[in-house]
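Note that the chains take the letters A, B and C in the order they are written out, and that residue 1 is the start of every chain.
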Amino acid sequence: MTGTALLEVADLRVAFPSAAGMVEAVRGIDLAIAPGEAVGLLGESGSGKSVSSLALMRLVAAPGRVRASKLAFDGHDLLTLGDGAMQALRGRAMAMVFQDPQTALNPAFRVGSQLLHVLRAHERLAPAVARNRVHEILELVGLPDPPRVMRAYPHELSGGMRQRALIGMALIARPRLLIADEPTTALDVTVQAQIVDLFRRLRRELDLTLLFITHNLDLMAELCDRALVMYAGLIVEAGPVEALFAAPRHPYTRMLLECVPRLEPERRALTVIRGMPPRPGAALPGCPFAPRCPGADDRCRTSRPLEQRRGEHRVACWQAAP
Amino acid sequence: MGNALRRVAFSGFVLFVVSLLLFFLTRAIPVSPARIVLGADATEEQVAVFDRDLGLDRPVLVQYAGWIGGILRGELGNSYITNRPLGAQIAQSFPITLELVCLAFAFALIVAIPLGVLSALNAGRAVDHAARLFAVIGVSIPGFWLGLLLIVQLAVPTGLFPPGGYVPLSRGLGAHLNSLMLPAFTLGIHYVAVLSRLTRSSMLDALSQDYIRTARAMGLPAPLVWLYAFKNAAAPVVGVAAMSFGYCFGWALIIEQVFNIAGLSRALLTGIRERDYPLIQLITLIITAIFIAANLAADLLNRALNPRLGAATQ
Amino acid sequence: MTADIDRLAAGPSTTRSGLRLLLASPTSAMGAAIVLAVVAMAALAPLLAPYDPTAIDLGRKLLAPSAAHWMGTDQAGRDLLSRVIWGARPSLTVGVGAVLLGMPLGVAIGIVSGFYRGSLLEEALMRSIEVLASIPLLVWAIAIVGVIGVGPIRLGPLVIVNEVKIIVILGVLYVPAIARVTYAVASGEAKADYVRARRVQGVGDATIMVSDILPNCLSPVIVQATLLIAAGILIEASLSFIGLGVQPPQPSWGGMLGESRGFIFGGEWWMSAFPGAAISLAVIGFNLFGDGLRDSADPRAVTRHGPMG
């Protein structure tokens, strides 16, 4: 990755209290996003990808604990920023779209009011100007008849429309970075495709930097330039999307790709990865994937793999060819 | 809108059914009205004449129709036991009870909602624990004991409040309100406890919702985030508060007795003592009507505050 | 499907672990202790009370608490401690009796309505419940007792004392609260897969309702019942306070408080303090116990405080 990064994260750890003491859901990940890039964060449920994104926005509430050796956005050190300054950044500099549009919008306020609130929290505008901006953004996200949408309550809109409205809300204050946490998971497949198209268009038209979190390989491939694969709170592989798909270096990535059902002339049984991801808090002396990895040896089980780089493509695996 | 009207109509129907039940129950008296008025040794003939004159020999349903018709026309007539005008008795005592309940209710809302919100925003800290302790006590201590305690420990030693009795408005606003201060406090304390706990749990529930996370993620300032939560939290609180207004009337009767206030309770207990069934009937009907109206208000407010409930077809 | 079957096999939700949870919290343990104490007082009154609660001794009237009379004596020379102990009986009788009376009908209506949700039967039942719930309990209790009279009624061989009248009134008016709690559970359960499975197996509706749905309703109903007992104690005390409850010379906490009204200015604080404290403790105890039961069964459940409002 060249040039100054918009977002730089080093050794991010997020821990939560449990009956057995503080348990790390994110065990030390590094991440950097350049302006204009679309980066995908891939992983299954429980891998820590959503928690990581919340940590980036400093939305992890106490008693959860966020630590990092570096967490910087556009030069601002997010670790030392006060609450007021952080609140000003959210929505204006970096914004987030969540998974479930049904619950993410406030049922007691009209959609237009919620959008106006966000806009006014960041910019001083005359009421008429503000309304125009809301109309613009609603059109931008592909919602027909903005006045009707503005007047509507969330429950009066369909799932796809709600998600578009949410995306609009995230973008209305013109942030530079948009984090989308599984924005299509709660939607029908046809609607999913539309939302992905929307993201593509928004990237082009607004020159938006995107962090796209998902467990769906295909969506990620359509939208992202680079991807990071997360497992059990760690990044196991990262690199350009083409390289990842063409030549995956980590066993987990390889098996993920094999799991995707494909239309082929010969019938084949669906591949599954045996076993379950480790529970948060489980002791992991070595590589977290070792219990499920067919090629694991003693070194894999006892010591955490060091990262190996081949240009832009990095992987954390003892078995990976250098 | 159609839903709301239907709800109102149903409440009217309920009131009708309940009033019918009330009428029948007050007919379940051991001694006939004739014998109460004329004496236990009245002759059969005298009883028959009495009953016929007052229409007490007609079928019960006909009597009921007459009763309800009179009430709806505003002609309350005289009690057939005491021959005193019912309307005047009610008009004298009802406003006092109403004022007491309104004062208690206003006090409850003004204290409970901020207290509840404060507890929710400071959940787990000292403020919250103190509020919870106060709430448990407030909900469990019987109002009539609290009233007695206040009279003996506060009113009498300090002389700040009268030890009982109602001072009418004509004798000065200050003295009037002062005489209602302790009773309103005693009556309201229970609802401060109930409503503040409800506000707290409702707020906490709202604050844990996804839309609050969204609001914070969009950079909304803290007070606006609290408003986002509160608007959702308000619905159940308002509903319970409206219902509480109805319950309040029942407890007001007891508190009035503690503080010797000449409101509906005195009229009702006098009526019981004198076996004035028409009066008992009427007072019970009035309080029941208020109770039903309060429940209706609670329901309508819930629908208004929660757009999802209002649009049942969506 | 498997989960439903497991749940079915597990039975009512108050398991042993629930009981442990109940006693783990200090407040609910305290509640349980108080409830136990009240029940003990009521059950063992003849053994616990040092004196006859109705024995008049005008030579020893209005004595302050002392070694001989731990709670002092009242205006007729009766030992207050004995009266407070015996006073637990009417409170508990009315509180528990009313709930026991209302439970069968309330639970039955709730389950049937929930099971046949959407049908005309459910509408009719729930509307009737609404009508019943529209009756302000305290006022009607006062009015009905006032109209019928406080004296005992003779129905053939039966003598119905005032407490029984109150139990009947409360029991009937408790039905809506119990029915609604039961309905909430039953209507959810009725849609569950395991019910459908049982129907397919040819099991009759009544059997399903009793053996499958009823056990799941027990836990919230018991919580609601406990809270209603607390409400009942308070209502009985209020009625006795204004003279429409337990009739003198029978001791009752509310009645004792009512009688103390004439003596509070004279400095005889013990006459109101002890019965008042007794009522408060009993109500707090049952409320805490009920809250504790609810938290151990399902911390997120919402129950109503019923007619106490």
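Criterion: contacts are C-beta pairs under 8 Å (C-beta built on N, C-alpha and C of every residue); 3 or more make two chains touch, one makes a residue touch a chain.
Nothing here was measured: the structure is a model prediction, and the numbers come from that model.
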item: Count of contact steps on the shortest path from chain A to chain C; value: 2
item: Higher-contact pair (C-beta pairs counted), B-C versus A-B; value: B-C
item: Separation of mean Cα positions, chain B and chain A [Å, integer]; value: 54
item: Chain B and chain C, separation of their C-alpha mean positions in angstrom; value: 22
item: For chain A, residues contacting two or more additional chains; value: none
item: Residue ranges of chain B in contact with chain C within the complex; value: 10-11, 14-15, 17-18, 21-22, 25-26, 28-30, 136-137, 139-142, 144-145, 148-149, 151-152, 156, 163, 194, 243-244, 246-251, 253-254, 257-258, 265, 268-269, 271-272, 277, 280-281, 283-284, 287-288, 291-292, 295
item: Complex interface listing, chain B residues touching chain A; value: 209-211, 213-222, 224, 228, 231-232, 305-308, 311, 314
item: Contacting residues of chain C [partner chain B, same complex]; value: 27, 127, 130-131, 133-140, 142-144, 146-149, 153, 230, 234, 237-238, 241-242, 244, 254, 257, 260-261, 264-265, 269, 272, 276, 279-280, 283-284, 287-288, 305, 307-309
item: Touching residues (chain side chain A, partner chain B) in the complex; value: 57, 59, 87-92, 95-96, 98, 100, 103-109, 117-118, 121-122, 153, 155-156, 166, 169-170, 173
